[in-house]
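After this come two complexes, each holding chain A, first together with chain B and then together with chain C.
Let's look at the complex of A and B:
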């Protein structure tokens, strides 16, 4: 199962859309840096996450004032590292 | 034990440096006996169409991609949906010496690798 790491805002980049196109059942998504904007409560991007395991780096969300929706799991760096060991391969979507 | 590597190429050829950097990374890895598989998807499929970039002072990337079979990358994997979305005929991206394999399910394809390099 693949771990997808998305680091760009869904409003300025196709990174998240491209990621979602290849994200299968059992895969997980971690939103980091500007990627966390997709997790904002009330964001229209949230519907694309239905049925998917989505995580969001808490420090990046807090830094940007993003109120993370309840269905996205806020994690710290240690959990992120743990996820990186649980999934294979890891795909970065950074543009 | 050697790990399987996939180069995921999703950028158009001349708007930024990533497309060429991806190709260079693939060639470098192949030269070090770590031949990766290559998947073109999204705008990355634009790297494969016939192009004449002389007018913008760039080198022809497709011509460089044609070197891949000589480095042991004989099969190029291409996302069929990306081609279709962009109106590109699979016949138009054929490369001499390389086998084009259209990928229907990129999810399952990517899942088969140990490491993925994104470009």
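Let's look at the complex of A and C:
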């Protein structure tokens, strides 16, 4: 199962939309850097995450003052590494 | 588990290199091994010895170098991407008849084959975008 890492804001890039088009059953998504804006409480992007395992790097959300919605798991760097060991391949979306 | 990281982001242009550094520290702390870090595209600028960020800003180069020393990391800068962007080792500067070299200590120049080899040898390859 694939781990998708999205590092661009859904408001400035198609990275998340492109990722979601290929994200299959059993895949997981990690939001990092400006990607964390998709996890903001109240964001209209959240409906796209229905039924998917979505994680968000806590340090990057805090750095931006993003209040992460309860349905997205906030993780630290150690958990991010652990996720990378649990999934394969790892695909980064940044365009 | 054996990891290779690929860094496309130049320092100060995107967060990619800083994220890669955080990820590298976390994986080493978890007891995994970091086989190689491959700097590609604009990511080659991470290997410039001439970067002089203000003291109150993050010194990415120094942090990569300290991590390299502590864990004997293989920090590889893509030679073709580096030549185009003016990042040269002493021997490349001399061979290309340029006036100066600027590849930082702890980094080496090598070809894309080093990335292919790392991808074949490692269980995980994680890319950090520009």
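In this text, the second predicted complex is superposed on the first by the 95 of 95 C-alpha atoms of A that agree within 3 Å, B and C clash if a C-alpha of one lies under 4 Å from a C-alpha of the other, contacts with A are read in each partner's own complex, and residues count from 1 in each chain.
We adopt the following convention: a residue touches a chain if its C-beta (ideal position, glycine included) is under 8 Å from a C-beta of that chain, and two chains touch if they have at least 3 such contacts.
Note that the structure is predicted; figures quoted are calculated from it, not measured.
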Clash or fit (per the criteria above) of chain B with chain C on chain A: fit
Which of chain B and chain C A:11 touches, first, second, both or neither: neither
First, second, both or neither for A:95, with chain B first and chain C second: both
Chain A-centred angle between chain C and chain B, computed on Cα centres after superposition, in steps of 10 °: 60
Chain B versus chain C as contact partner of A:1, first or second or both or neither: first
Which of chain B and chain C A:23 touches, first, second, both or neither: first
Touching partner for A:77 - first (chain B), second (chain C), both, neither: second
Comparison of chain B and chain C by chain A residues contacted: C
Smallest separation in angstrom, by C-alpha atoms, between chain B and chain C in the superposition: 5
Footprint overlap on chain A, comparing chain B with chain C: 88-90, 92-95
Residue ranges of chain A in contact with chain C within the complex: 5, 7-8, 32-34, 59, 76-78, 80-82, 84-85, 88-90, 92-95
Chain B contact footprint on chain A (complex, rising order): 1-2, 14, 18, 21-24, 27, 88-95
Interface residues, chain B side, partner chain A - complex: 6, 8, 10-11, 16, 18, 41-42, 81, 106-108, 110-111, 113-116, 118
Chain C residues touching chain A - in the complex, by the definition given at the top: 1, 3, 8, 14-16, 19, 22-23, 25-27, 29-30, 32, 123-130
